[in-house]
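Letters are used for the chains, namely A, B, C and D, taken in the order the chains are written, and counting of residues starts over at 1 for each.
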Amino acid sequence: MTHEKSPRHEIAHLGHVELFTPEPERSLDFFVRVLGLTENGSQGDSVFLRTWDDYEHHSLKLTAATTSGVGRTGLRASSEEALKRRVAAVEERGLGIGWVDGDPGLGPTYLFRDPDGHEIEIYWETERYQPPEELRPALKNQAQAYPGRGVSVRRLDHVNYLAKDAATNGGFICDALGGRVTEQIQLDTGVISGQWTNFAQKSYDLVYTNDWTGSTGRLHHIAFATDTREDILRAADISLDNGVFIETGPHKHAIQQTFFLYVYEPGGNRIELCNPTARLIFAPDWEPVTWTEAERAKGQAWGLKTIQSFHTHGTPPVPAQSE
Amino acid sequence: MTHEKSPRHEIAHLGHVELFTPEPERSLDFFVRVLGLTENGSQGDSVFLRTWDDYEHHSLKLTAATTSGVGRTGLRASSEEALKRRVAAVEERGLGIGWVDGDPGLGPTYLFRDPDGHEIEIYWETERYQPPEELRPALKNQAQAYPGRGVSVRRLDHVNYLAKDAATNGGFICDALGGRVTEQIQLDTGVISGQWTNFAQKSYDLVYTNDWTGSTGRLHHIAFATDTREDILRAADISLDNGVFIETGPHKHAIQQTFFLYVYEPGGNRIELCNPTARLIFAPDWEPVTWTEAERAKGQAWGLKTIQSFHTHGTPPVPAQSE
Amino acid sequence: MTHEKSPRHEIAHLGHVELFTPEPERSLDFFVRVLGLTENGSQGDSVFLRTWDDYEHHSLKLTAATTSGVGRTGLRASSEEALKRRVAAVEERGLGIGWVDGDPGLGPTYLFRDPDGHEIEIYWETERYQPPEELRPALKNQAQAYPGRGVSVRRLDHVNYLAKDAATNGGFICDALGGRVTEQIQLDTGVISGQWTNFAQKSYDLVYTNDWTGSTGRLHHIAFATDTREDILRAADISLDNGVFIETGPHKHAIQQTFFLYVYEPGGNRIELCNPTARLIFAPDWEPVTWTEAERAKGQAWGLKTIQSFHTHGTPPVPAQSE
Amino acid sequence: MTHEKSPRHEIAHLGHVELFTPEPERSLDFFVRVLGLTENGSQGDSVFLRTWDDYEHHSLKLTAATTSGVGRTGLRASSEEALKRRVAAVEERGLGIGWVDGDPGLGPTYLFRDPDGHEIEIYWETERYQPPEELRPALKNQAQAYPGRGVSVRRLDHVNYLAKDAATNGGFICDALGGRVTEQIQLDTGVISGQWTNFAQKSYDLVYTNDWTGSTGRLHHIAFATDTREDILRAADISLDNGVFIETGPHKHAIQQTFFLYVYEPGGNRIELCNPTARLIFAPDWEPVTWTEAERAKGQAWGLKTIQSFHTHGTPPVPAQSE
C-alpha cells in the first residue's frame, strides 16, 4: 500500500526532547551548570530545562529512570491544519498512539512512534515563554537573557536516533512528515547506514543511524547548537575542567560540515555540542549527498578518524548482538 | 480590491542581485580581490560573480552603468507550480512586466516590479554550478573550494531597498510572495519606517527602509554573509589595508542581532558584511518584533549610535528632497 | 641631578592592583559573577580576587571606600637583587615610602609613589597559588580551573593612570623601573598626552594619560585580558543582559591594536576588557610609535570615534578644572 | 669543566629560520599562496619570505636542496654587548664556527652549532623592514599590510628540533644563551624526551625532541602563529581545498596549551600553524612543568591521541635505526 507523500513545511521545527537518566541529580547539574540550560519547572520525575534561544516552554525534559535513552521527541507543526494532516498521515501508516495531554506549555499533542519505535509527539498550540524579571533579556527579539554559565548553548539542534534500519525511518520522516534527506551514507552493500533529514533551511533536524546491535528505539545522541565555533572550543575546556567525558572532537564533520564536540552526560547519554557556521540548505530541489564507505574512510573533514565508540556506544546500553 | 494572500514557502530563497557601478574595473577588483568572489562569465557590460557557497550560476551580476544602484533581484521559486502561482499573484496586482530570457544559468524568468519600482525576477529552473578542476572543493557537499582570498564571503545574504513607503513594499513581499515580517521599526507617528521580511528560517531576506529623499527604486545596501564573526573583524582589517571606506561597525545590530560591518564598494554602493551567529526564526507563527523610536534611540545592540550617513547615503545618489 | 637609567627586565610583570569602590557589594558581584574572578580571602574592608591564569595569590584587591579610584599597584621584581636595585633607584629619586607588610601571599614589599602620586608596591617573594580541590585544573600547567562564569577573564592586563603629566610618569617607569615606551600620543603643541610602557614582550603594562582636570593620582581604567576576541563580543552580550554600562566598543584600538570593550563597574571605575590577538613586541630596540593629533582624529583602528567620556570620566570623580 | 650560566634576556627573540626543500617551486607556492607569506628577495638557491608582523627583512629562507630539513636558525641578541657575551659563551663551549657575512638585512652574524649539530646564527644589527607602497599598512604600528591571502600567518613562532638528546641541547640553550625550560617530558626511565625553552614571556621559542632514529641535526617542525584560533580552523579548510597534507589537528596541546594544526609542506617538512590564545609566562622564577609518560598517554588537552607519525616523521628522512 502506498500513501500520499507529505508536502514540505508541514513540520516547522524540532521543539524538545526527553532524555532518561539513571543519575538525575548529576545529569541535572550537567545540563544546568555545565551546558548552561535554565530550569523551568518540574513534574513527577521530570525536570523541564530550556536553552536561552528557545521561544517555547522547554527544550529538554530530563526524566529520572532506571537507565538512559531517549523519550519523546516533540515536533511543532506549521499550523493547526498541518497538524491534522500529519496525524492522518501517521494513522494511515498504522503508527499512531493517540492524543495525549501535552506537557506544560503544550496544547493538544498527538503521540506516535516512528517505525523503529521512538516516541514522537506533534503539536500546534504552544505557550510562548515569558521570562521572569531576572531572566529578561535586554533585546526584545531574544527569548531569555544570555546565561553566561558554562557552555551557554543556544538551542536544541537535532536528535540522532539509532534504528534497525535508517532508511525506513528516514523515509518515514520524509513521507509522513515532509522531511527531506539532505545527506546519507551508503555502504558498499547498498545499505543506507545513516540518513540526515531536515524540515526547512536548517541542514538537518532528525538523523537515523543503523544500530549495530539490532536493537530498536535507541539513541545515538542529541545535540545543542552554540553561536560560534569558539564556544565549542571553550566547551572542551569546560568539559575537561568539570570531569565531563569527551568522546571526540572538537573537529569538523565531513557530513554536513558541522563543527562538533561529543561528550557523555553523567547519565550516559551522548551529547553533541555543535556549530553550523553559516551553513543552510537553500535549494528547494536539493539532491541528497550520498557518501560511500571509501569516502567515509577518510575520516572527518580535516582527517580525524571516526572514533570506534561511535559504533558501539548508544543508550540505553544493550548487549552487542551483531559484533 | 483585495487579493488572496500567498501561502508561505512559495519563494525558496534570494538567488542573486544586480548591482550598477560607474567604476566597473575598481568594483570588480573589490568583489574579486577584497570580498573573494569568483568570476563566472560575462555578458555585455555585466560580469557574473559567485560566492563559494552558492549552488547556482552566480550570486552577483555587476553591470557597468552611468551611476550606482540596484538592478534586478532574483528570487528562486520553490517549485514550478509555485512560480506560476506567484506570477499570477503579481499580475493580479498589476506589477508584472513579463517573461524574459533568463541570464546565464537561469531558465524561464518572470520579471516584475515591487510597488516602489525595484525590478525583481522569479524563476524555477536553474543550472547547478559545476566548478572547474581548480575550484573543485575537497568536500562534495560544498559548491566550490574555499577561495582563501580577502574576506571570502560565503553567500549573498540579503538586499535592503530604499522605498517611498516601506510598509507597502514589505506588505507586497508578504502578500504576493509569501514573505513574513520578522522585525520592523514604527515611528511615533505610526509610520512603519523599515520592515525586514523573510521566506523561511533565515531571519530576513528582503528589507525595505523609507527613503528620506522621497525617491523610488533605490538601494540602501546588499549584504554578504561570512561564516564567523571573526571573519567580519578580519574584513575590517582587510578593508582598512585596501583603502575600502568603512562606514560603521563592526558591531551587533539590535534588530535581528546580526553582527555587521558596512563598507562602500568603489562604485558607491553600500555593502554589508554580516554574520548571524546561529540565529534562525523557527516559530511558524512568529509575531513581528516592532521597535519604537525610543528603543532605536539606544543605538545598536551594544550601544553604537546609528551612523548619520545611514539616513543620507543611498544609491544612486539623488538630491535630498525632504531633509 | 641625573640618575642612572634602569636596565630592562628588572620588573617581571604587573602583579595586582587595588580598586576602591563606594559600592562594595555590587562591585564584588560584578567582578565575581560578571567578569568571573574568584574570591581568595578578605582582610578588613578588602576582598582579594583572582583571575584563573594568575599564578599568585590575587590579581585584584577590592576595597570598600568612600569613593572610587585606584589604590596600590603591585609589580613583581625579576629577582631579589632586582628588587633591591629598584628600591635604591626609587629612593634616589625621593619617591620612596618604605617597606611595608605585604598583603596576603606577598613577601617583603616596598611602597613608593610615581611622580603623580599613585601608590606602587614592588616585591620579589610571592606565594604560588594552590587551588582547592574544586578549583583544581585538569591541565597542570594552568593555575586554576577555567571558571565558565560570565566573561571569565584570563588575567589582569594593564593599568591606565591619569596623571598631570604623562611623560614625566612614563619617563619614571622607564628610568627607575626599566620600562620602555612602546607607543605614545604627541599633541600639536609638542606635549605628550599619553604614554604606553611595557616591561617585556607584552606590548604594554602601565599607561599614563594626561588628566584634563589637572588632578593627580587618578585612574583612567584597569584592564583584564581574555583569550579571544569572541570572548570580548560575548562580554558585550553579558554586560548588556546584566545592566552593566557599556561606554564604548567592541572595536580595535589603533594604538597597540588591542581589541577592546569598556564598561563601568558599579563603583564607577572604568574597566577595559581586552584581547591583543597574538601581538607582542619583539624588537629589543623598539622605537616608540608616536601618534599625532591628526592621526588620532581618524578614530580607532576601524574608524570608531574616540568617545567623549574618555576625556571626562576618571575615578575618583573630581570637578573639572580645565574644561 | 663548568661554564658560567647565561643571564636571562641576552637573546631577544627567534628571528628567522632556513628550510631546505627538494621541491622549491611547490614549496614556494605553499608558503606564498597557502600560508600567505610575502617574498622579499632571493639569493642563489634561496628565496626570502616574510610574515606580515615581522619587523626584520625575512622570517623564512627557503633553499632549494637535494632533500628536506632545517638550515640555519637566526636569533637576535638583545644588544651588541649581549651578542659579544653569547659569542664568548658559545666559543667557551667549543661549538663556535665563526663570524660570517650575514644574509640580506642582517649585520655581523656569528655562526655556531648546538650540541646536536643544528646551525644557529646570532646577530645584533638588523635592517628594519620598509614595505613598498602596495604593502604599506594603514596602521603605522604594523610592519606590513595584512595580506588576506590563504592563512595569512602573523609570525614565525618557534622551531622544534629533533636531537639525539633533548636535555643536553635544551641545557645548552639555557646555559649558553639564557633560555629557560618552561615545560618538558620525562620518560619513566628518567630520560628527558622533550624540552621547551623560551627567551622571554612567549612560552616557548626553541624546542628539542629526542630523535627516535639516533640521527643528529634533524627537524621535527617549524611553526607559524596566527592571530586567532579561528584562523587555525580556516587554515584546515584551506589546506584541505589545496591538497595540503594535514597530519593532525586542529586541537589543543596539553603541553603549553597551544591550539595547533600540523601539515606537511610540499618539500616534506612538517609545519605547525599555532595560536597561543593569550597565554604568556610571567613568573621570573617559573619552574619547568614536567609531564610523565602516564600523563602524556592521555593525549592532547581534549583527548586527541598523539599521532604515530609524530614519532616517525622528521626531516630530512633517514632510515629508522632504533625502531
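We adopt the following convention: contacts are C-beta pairs under 8 Å (C-beta built on N, C-alpha and C of every residue); 3 or more make two chains touch, one makes a residue touch a chain.
Since the model is a prediction, treat every value here as computed from it, not as a measurement.
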Inset, instruction - Between C-D and B-D, name the chain pair that shares the greater number of C-beta pairs in contact. - result: C-D
Legend entry - Between subunit D and subunit C, distance of the C-alpha-averaged centres to the nearest whole Å: 32
Inset, instruction - State, to the nearest whole Å, the distance from the C-alpha centre of subunit B to the C-alpha centre of subunit D. - result: 46
Legend entry - Junction residues of subunit D, two or more chains touched: 139, 228-230, 237, 240, 301
Inset, instruction - Considering only which chains touch which, label the overall pattern as line, ring, star, complete or other. - result: complete
Inset, instruction - Name, in rising order, each residue of subunit A that touches subunit C in their complex. - result: 34, 137-139, 145-146, 148-151, 228, 230-231, 234, 237-238, 240-243
Legend entry - Of all residues in subunit D, those that touch subunit C in their complex: 8-9, 12-13, 53, 55, 76-79, 139-142, 154-155, 183, 200-202, 225-230, 254-257, 275-280, 282-284, 289, 291, 295, 301
Legend entry - Interface residues, subunit D side, partner subunit A - complex: 229-230, 233, 236-237, 239-240, 246, 248-252, 259, 261, 301-304
